[in-house]
Amino acid sequence: MRVYALHAGLIVLLFALHFLLPAYHHGNLARVMVLASYAIGYNILFGYTGLLSLGHALFFAAGLYGMGLGIQHLGLAPAPAFLLGLVAGAVVSGGLALLALRTSGVAFMIVTLMFAQAGYLTLLYFGTYTRGDEGFVIAQASRALWGIDLSDPGNRYLAALILFGTCLLLSLWLVRTPFGRVLVAIRENEERVRMLGYDTFAHKLAAMVISGTIAAAAGAGYGLLFGYAGATFASVQYSIFPLLWVLLGGAGTVLGPFVGTLFMFYLIDLSSGITTAYMLIAGVVLVALTLFAPQGLMGEVRRRLWKGLP
Amino acid sequence: MLLSTRGLSKQFVGLRAVDSVDFDLPEGEIRALIGPNGAGKTTLVGMISGRIAPSAGRVIFDGRDVTALPAHRRIALGMAYTFQITSVFARLSVAENVALAARRRLKGSAVGSAVEAALDRVGLLPRAGQEAGDLAYGHQRLLEIAMGLAQRPRLLILDEPTQGLAEGEIEAFKTLVREVAQESTILLIEHNMRVVMELANRITVLNFGAVLAEGTPAEIHLNAEVQAAYLGGVSDAAAG
Amino acid sequence: MDLGPYLVLATLEGAVTAAVLALTAVGLSLVFGVMRVVNIAHGEFFMLGAVIAWALAHGLSGHPAVGFGVALVVAPLVVGALAVAADMTILKRLDYDPERTIVATIGLLYIIQQLTLMGYGPDARPVAAPFNTRLAIPWFEKGAEGWQMIWPWGLGTTSYKLAVIAAAVAVLCAVWALMARSRIGLVMRATQSDREMALAFGIPVERVYALVFGLGAGLAALAAVLIVPIQQAHYLMGADPLLLSFVVVIIGGLGSLPGTVVAAVLIGLSDGIISVFFSPTLAKILATLLVGLVLVFRPQGLFGKRGG
């Protein structure tokens, strides 16, 4: 089917680029792939279920610190540490969901924002363990997964590709299941979905946990691959980023998160060469998107070229 | 009895919208619920379906007390509800709208067949691929009914289904309802008296939140109190 | 210092915080009350007030009171005008859709903040207060001969800080008078009550919205001008006022002005006290959790009405 060809094709393309890209872009793309996985997680909740969270950094950081602290303080090997990061993400997102899903709309946005901020501040408060804003380096030796040194750029890229590929195909599968279709319907008209006999609260809860766990996977992956954990990843900025990436790439499309992350990454990369105020670009793009193109790049593609694009 | 209510009431601040209604609906019947505007029909049906929480009273469906159950659980037990103000998924296709209704009970290829069957019965099959929001108003109402049908409900609640339909569409609607009544019990809120008189087996009349009268169309037609409540509207509409 | 005097000191400092917070939060509350939108860039309007105050004080030679006095008038007007422009170009086009407005104001936050970084730089710069006499505060101690008045070292405030409190009270009264007694206030309250009816009565709703948005921003800027001689102007200084204003407005009840003021006093005082006795980070953690929990369990706050 064309759809699977397109998405698998992207993964194949990224694999090919492993051999073709110069070192600078090779490293960038590894980073982009991990961050795009974060965006994919965000998109499940925002693009497909229609819930705008301003606190996803909490889940990303849960994965990052679950993994990082697991290695640093519990002496875990990379694989169990990664799993710990996933579990942390699932627990935190489930807990927040039980609270935040009692609200909707603007209140939901603010509640998620507030709890994420509290999380960030707590990381700072317990700086003795977490090293706060300064963060801590995860030693190269601790990042050898089954004998493979993850700090090596080649291994790192391929690991990032595996993480991204898994998240991409997972989200493609998910949104086409009956469960995924109900999420879309909830986004469109929640009351109607209720009156068709679906437990919308349970669906939203599941969506939030899935979204948070994928975000945590990205966080844990980021720490493992780039060897650093810092409280900045829990700050508001890292909650705004996935929103920005998904909006730009196309909310509610499977490829959108990757497109948006790639685009924004290079946009910021280029502008930080010009000024320290590179977040200005983020601000301008956000305003421009909400005003002129709320459906994003892949959203436009879906509207004009390929109606059935998932 | 498929559906019963006992002492069902709804009190808003300063207004008793539904006043201690005892209601029985046997299986297989087409029951019409009529009354002047503000009589409490939609509120009563809201409490039956679970959209509105009652202030007092009980709802019994298929022998089970469902008063404490949330709406989605009651729907899952076999009720289906079509909205008074059409509430379809405007940006999804007609087929997907019905598919969502069907998927709660069916899986895989069975969904597609059920969707086709439901759309065919209401006459919307040629428009299956269209965006639901692009449909004409009358067709959106038919889509609502198709969504109800796809659930194969024990009880189908239709809230003012003919509102805004043209004459020909109303005729087609009546034929459809008679057909569906062979599989489902129908509770119909309606203002169009001709439709009510021609379709209903029994009629319940609400006024100021309480049951004013209940009986066959002929009995209701002759009921002086009902006529008074409608200020002569019933007899006029029935006559021509 | 003993606990008693320390508490008095913390309360005085908290009162100054509360005064400035009340002004800022009222600005946010007005905007939400009348326009039903949440302005995430509100803290940046605050920051701009402080930065403009510095620019004026720095640029105008002479006694600090001159520069400060000018800033007190000019900064709110400039920031207010900027806000009006933002409303007419961005918010109006989004039709004041709540979710899209939040995203757009986040973008606006970054634009204002980063442009300030580019123009003003990353440093914190002080502004001299127009007057600043130290005032020692007495404390009472029971000695051998009964109650005695002592003057603990460190227990004091300044005339300027007292003036800030007085100014804030004055402005809040003026705002209340505006809303409750003037024609413009009546128009604003009508628009808040029922937008459709206001339109039907020929009220230029869009102009009212622009005015309210400008007024909200102006209040924040004014608050910043008042606090900048005590604090210092820095391009990131908008974050804390934003958070605290949020806490105040949500606890006080979105759209309720008296609630906002009471909550500001409570939050300002307790934030000051917790910061002094524990850590500022802990105070912030508690504040953020409080907002979150209030929104989940008691969304109408202390004074707001359900569904408001």
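Going by the order they are written in, the chains are A, B and C; count residues from 1 in each one.
Keep in mind that, in the parts below, a contact is a pair of C-beta atoms (placed from the backbone, for glycine too) under 8 Å apart; a residue touches a chain by one contact, two chains touch by 3 or more.
This one's a predicted model, so the numbers in the text were calculated from it and none came from an experiment.
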| item | value |
| --- | --- |
| Those chains which touch chain C and also touch chain B | A |
| Pair of chains ranked first by number of touching C-beta pairs | A-C |
| Most centrally placed chain - per-chain CA mean versus overall CA mean | A |
| Chain B and chain C: spacing of chain centres that average the CA atoms, whole Å | 53 |
| Cα-centroid distance, chain A relative to chain B, in whole angstrom | 44 |
| Inter-centroid spacing, chain C versus chain A (mean Cα positions, whole Å) | 34 |
| Residue numbers on chain A that touch chain B, as the complex places them | 178, 181-182, 184-185, 188-189, 191-200 |
| For the chain B and chain A complex, residues of the former touching the latter | 49, 51, 70-73, 75-76, 81, 83, 87-92, 96, 99-101, 103-104, 107, 147, 151 |
| Footprint of chain C on chain A - complex, ascending | 52, 54, 99-100, 102-103, 105-107, 109-111, 114-115, 117-118, 121-122, 124-125, 240, 243, 247, 275-280, 282-291, 294 |
| Interface residues, chain C side, partner chain A - complex | 38, 90, 93-94, 98-100, 102-104, 106-115, 117-118, 122, 243, 246, 250, 279, 281-282, 284-285, 288-289, 291-293, 295-297, 299 |
